[in-house]
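Common to both upcoming complexes is subunit A, partnered first by subunit B, then by subunit C.
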Partner chain A sequence: MDIKHSSPAVIPDHQPSAIEKLVAFLDERVGLKEMQAKMLNEPIPGGSRWAYVFGSILLFIFAMQALTGVLLMFYYVPTADHAYDSTQYIIHDVDYGWFLLSYHFWGSSAMVVCVVAHMSQVFLWGAYKKPRELLWLVGLALFGIVITFGFTGYLLPWDQRAFWATTVGVEILDKTPVIGDFIARFLKGGPTPGQMTLSRFFVLHVMILPAALMALAGLHLFLFRVAAPAGPYSGTKEEIKAKTDYFFPRQIWKDMVGMAFVFVGTCVLALWEPVVLLDQAAPDPGDYHPEPEWYFLFYFQLLRLKIFSGEFGQFLGAVALPVLFMILLVALPFFDKDPERNIFKRPIALISWIAIMVVIVLFTVASVINREFLD
Partner chain B sequence: MVVKAVFAVLLLTMGLVQFEGRFGLAVIMLFISPVSVFSIPIIMALFGTHFGEGIGLEFLFWLSIPVDIWALGVVARTFFLERLRKEPPDGLGLAIWWRSALIGAFFVPLLWWIVSFVTDNAITASHSMAEMEAFRHLTDTGLPVAERIGLELTIWGSISSAVLAVLSLIGVSILGQIIRRMAEGSRPASENYQGLITRWDLMRVPADQGLLLTSLAGVGVVCSLMFWTILPVTTPHPHECCKKPDVEVEPVFKPSQSLNSTAQRVASLTAQIDALEQQQSDKKNQKAKSKGKAGGKTTEDSPAKAKP
Partner chain C sequence: MLQPKLKSKVRCTDLDIGEVSKVVLDPLSHEISHIVVSMNGSGERQIDMTQVQDVTDDLVHLKSPSREILALPPFKRDDYVTTHEVEISHLEDNIHVTPGEVLVPLPDLEKSVKRRTFFMNFTHVIGFLIGLPIAYPILRFLMKPMYAEFDNQWLAVGNVSKIKNEDVGVQFEYKKKVKEAYMPEYEVEKNVWLVRATPDLLEKVYQGKDEEFRDAKGYVIWTNKKEIPFIAFSGKCPHLGCAFKWRNHKALGPVFLCPCHLSIYNAAGKVLDGPAPRALDPLPVRVSASGEVEIIDMEFKAGTKSQIRIV
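Our next item is the complex of A and B:
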């Protein structure tokens, strides 16, 4: 659309409306139209695709998590003797509190699913390769932040599930050589999880991590705009050129449909399985078998294997394997320098991705079956 | 998918539908409703399986029919123009929908039965394998639990997934054959590639964009209002296991009232004590007086008594 033709200054007898005057006022001072053009007129090689929606969906989920989180904070008390009661109060007494808490809970799961989907899309599309190495690295840092969000938020309701999942998680961190002891002591703030642990997890969850996520997400978007979208991995130059389109309106439409789908899906989960607390946190687990959130279950089950028992086995499973995996991911764009992006012409990448997904699914299901042996 | 999901949320909120444990499966079935619309009732009747309860589930499937016909029409026309480079025939969405629904009615229950049968047998076989002596000798106490679960799951999961993948591939290829036959009868598109792209692209953009945006925004507002109106204020699913404990609420502490009442109580107690003390001192005085009188009388009376 030509902006000049619709501008009130060009049409002689046109009296600008109040909104037009406001837009003109802001445009003169902020450069609104230029900003809008820069944001929306990003060319997408090969046109819009459903595969590209995950980044926008993640921003949407974060905004919703921030909104529901702030509303929950109006009632939540981050002290060891009131955290459980205030969460029960949110569930049972605050109007729509049960829904807000359940949406926040399932929203965190949606965020993890979408981060993994986004990373998988980038990996399968070969979009981490030159010149997008930094984009990939910042994305990995954001992945770490999302996982830490889930870990720190899990303790806040202060029930048996929260307490023991955190205890197990911190014990795993404790096994890291050199810095493990410091990290565990820093997080716990004492010999056993208590008030100091809750305070530290709360501060991390509501202040440090959101600030870090916003800063890194901004950097991620900046790097994305500098490097430009990678586009499809297959198709001739002629085909890609014919389909090339701007970000607005088609990709925005697809993003909005994706966001609506995630929003509705999260609502369905909140309605179908609302959050229910177990007994208040206590140093005795009783009949409860400690278990982390579902997206960590595969790793939890993996650590139950005999190979990961004993001093060395625990170090291998709890520290060496995940650190090695993260190092591999960080180094990926620097050792995979082949410009070929088509996933069907990168058999090692395809097999590795399938193997990782199979391991995750297999051990998650195994962990669910394992519950029968514990009860 | 989103249209169907929005209705699923509203029906869940109204309590007209309650998905059962096979939630994921029910959702997938709902989203692939062109092939599951007839097959789900057949599976439920033949195998006694339930995906959910309530009138809402039935309503969702009825509602899915026009949505699916429209969605299949858009996707199929795009496919014909972009991939096959052929003119899409009229009524393509409906033609594909009824064919896929009919095939689904026969094929999906068959797939359900075969996969269930294979999975059940594979689980039994993997159990037996894990209990074999060869594995028992691996360690002193037999195969550890985590390893055993992993091994069994890998065995029956691989067999079951392979069968499911092969049967799904057959089902998709049957649908592909139908679409291919329909494509054989249609004439090639006359435009060049760029022209075809523009055509299928414009198919997705409505003639009156303003009207579409206004109606979409209107529907969104109505759905949001409906959702917040019917959403229960307190949790609709208070689980039996984890009910909120009944706690007696203590009366609100009001310092000034409490101080006043304490002062009053102290004053009344002081008055009571004063009264008691007064009473006691009165008694003492009376006793002393009566003692004195009695003493006087004796002294006065005794000589008289002694005199005679």
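Our next item is the complex of A and C:
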């Protein structure tokens, strides 16, 4: 097939500028224009939507976390005797250190919120179904990485909050049958949290997880492009075709607005509620009541339930429940083979999603209410 | 599906009108939706595939006469992008319009290579031989600090004069020296809860038996005598390792309460409520004649029914 578009040679009506020459030079060697065209000209069946912005926003948040994270490493020292002091130095002495640290802190919350929104959108739109099973699986792996990012990053300031979240979090992993003890010791680098734990979490947080996230996000995007966007869950072929447009400009415009919104939101949170450290980490919490970050609060509250008491109950709550939930998500596109994507024609899916969200909200609220009964 | 080829002649019901210059693919069905005909000098026209009667090797038969085709609006190139400029995967899977295969000669050296499978497997074996010897050192490298000897030193935590009432939990904070690998020795703050027990409470804790503590090899290192009225509880909650407090509970009275997951224990350490799988962990404790309290700082795995010492 004659795939080369044989347009007549363009006769320039002016001398090319230096920049145009440079672009032409690069284009000849790299194929920039074709690459750019391919990136921007991706048909979005049924047209752009606000519901599709979360993937791009997540990429943006990651870029900002990488930027602020690298900057924090200019001053941060990952040792038990300096981690706390160096973080305090960033907050109190380095110009705008408080802001960059707080942005990084709230950025992680934004990341978790947008991951859940992204997964919800894909779930509600039935976009995980054939032929997008692998895309969904890689997405789940990325979800795991984001959660692990939050967990490992939480220890690094080495204050009481950090120490206790890690202590309890690792104890939860310890409940895994057979290999639990090994996993817990492996992560802690010993029987109790200390320097080795800090080193390990640091390496995970700044080397292993970013590398894994970049690789898997690349794979995620590649699979997304191979499978093509799923488009809306209702409408005839003709209707969808009539509304179809390219990624650029309408979807990119919506994505940019979303990113700007997240950026402003994160800045506002960083200004409003900048990070303040508690006392330095110690196995004696003093008056501090250990609590995980807000997005883990529902699970924290869940583990207070009577059915999760005792050794077996703890296994149920700490291991069986989260593992079963993940297995369910992994298996989802393989047992849900009904090609119907309209969420209003998938009552089980809709009810499950609502139930999960209600449980998360209720238990989060319950844990907040519980706070005042503790003092 | 009809597969018109490029350069094929296009014949109307009455006469030949030109040749196929382009094909247009439908981005949804990935099939040819239109052909573009170059009309021997009268520009290009876009013809729907439904207008095509038949396709042979070098000829496309149309259903309509030439005047109908000529009456179509001229083809607008700007309304289209090439398959190079757009990202629609599998777009060309169904299309076989190339007038033949595009070939590149095999290099001479490649022509006589017989053992391709052997070489493929050989690379796997080499990779395995590189990976295997490094895997174990990596594992050992990472496991180095995971297991440590138990430290059975007695630590002074304070004086019993601090305890004013019986059967009440009193927190003793103390400092423990830690020497971790290459790090300079430093002190960490820890805490232990002491109870000066009434005989009733002692009975509940010891149930008539002295409590023995053993080291890793099973030798007894200390025995808490059942008649000594001082009980020391490790400050670590046996549920998930948080630190519990002594609090007044509305319904249960004065209790040990863990603020994390709300496990509640009585002064004897027994679970009253909440998710904890076992009672609080008593530590080896001794009190000198002058009232100085010493303990052996032990930590037990949280979340198990039985006590498993880890520190």
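Keep this in mind: the second predicted complex is superposed on the first by the 364 of 375 C-alpha atoms of A that agree within 3 Å, B and C clash if a C-alpha of one lies under 4 Å from a C-alpha of the other, contacts with A are read in each partner's own complex, and residues count from 1 in each chain.
One rule holds for everything that comes next: contacts are C-beta pairs under 8 Å (C-beta built on N, C-alpha and C of every residue); 3 or more make two chains touch, one makes a residue touch a chain.
Everything quoted here is computed from the prediction, not taken from an experiment.
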Fit or clash - subunit C, subunit B, common subunit A: fit
Partner chain in contact with A:Leu278 - subunit B first, subunit C second, else both or neither: first
Partner chain(s) touched by A:Met39 [first = subunit B, second = subunit C, both, neither]: second
First, second, both or neither for A:Ile172, with subunit B first and subunit C second: second
Touching partner for A:Arg185 - first (subunit B), second (subunit C), both, neither: second
In the superposition, subunit B vs subunit C on subunit A residues touched: C
Contacts of A:Leu305 with subunit B and subunit C, given as first, second, both or neither: both
Touching partner for A:Lys254 - first (subunit B), second (subunit C), both, neither: neither
Minimum C-alpha separation between subunit B and subunit C after superposing on chain A, in Å: 6
Contact residues common to both interfaces of subunit A (with subunit B and with subunit C): 304-306, 370
Contact footprint of subunit B on subunit A as seen in their complex: 88, 91-93, 95-96, 98-99, 238-239, 242-243, 250, 257, 260-261, 264-265, 267-268, 271-272, 274, 276-278, 301, 304-306, 362-363, 365-366, 369-370, 373
In the complex with subunit A, residue positions of subunit B that touch it: 1-2, 5-6, 8-9, 12-13, 18-19, 23, 27, 139, 144-147, 149-150, 153-154, 157, 193-194, 197, 201, 204, 227, 231, 233-237, 239, 241-242, 244
For the subunit C and subunit A complex, residues of the former touching the latter: 6, 21-23, 27-28, 77, 81-89, 92, 95, 97-98, 142-143, 145-148, 173, 178, 180-181, 183-184, 186, 188-191, 235-236, 239-243, 259-262, 274-277, 299, 301-305, 310-311
Subunit C-facing residues of subunit A, complex: 1-5, 7, 34, 37-39, 41-43, 45, 79-81, 164, 167-168, 171-172, 174-175, 181-182, 185-186, 188-192, 194-196, 225-228, 237, 240-241, 244, 246, 282-285, 289-291, 300, 303-306, 308-311, 313-314, 317-318, 370, 374
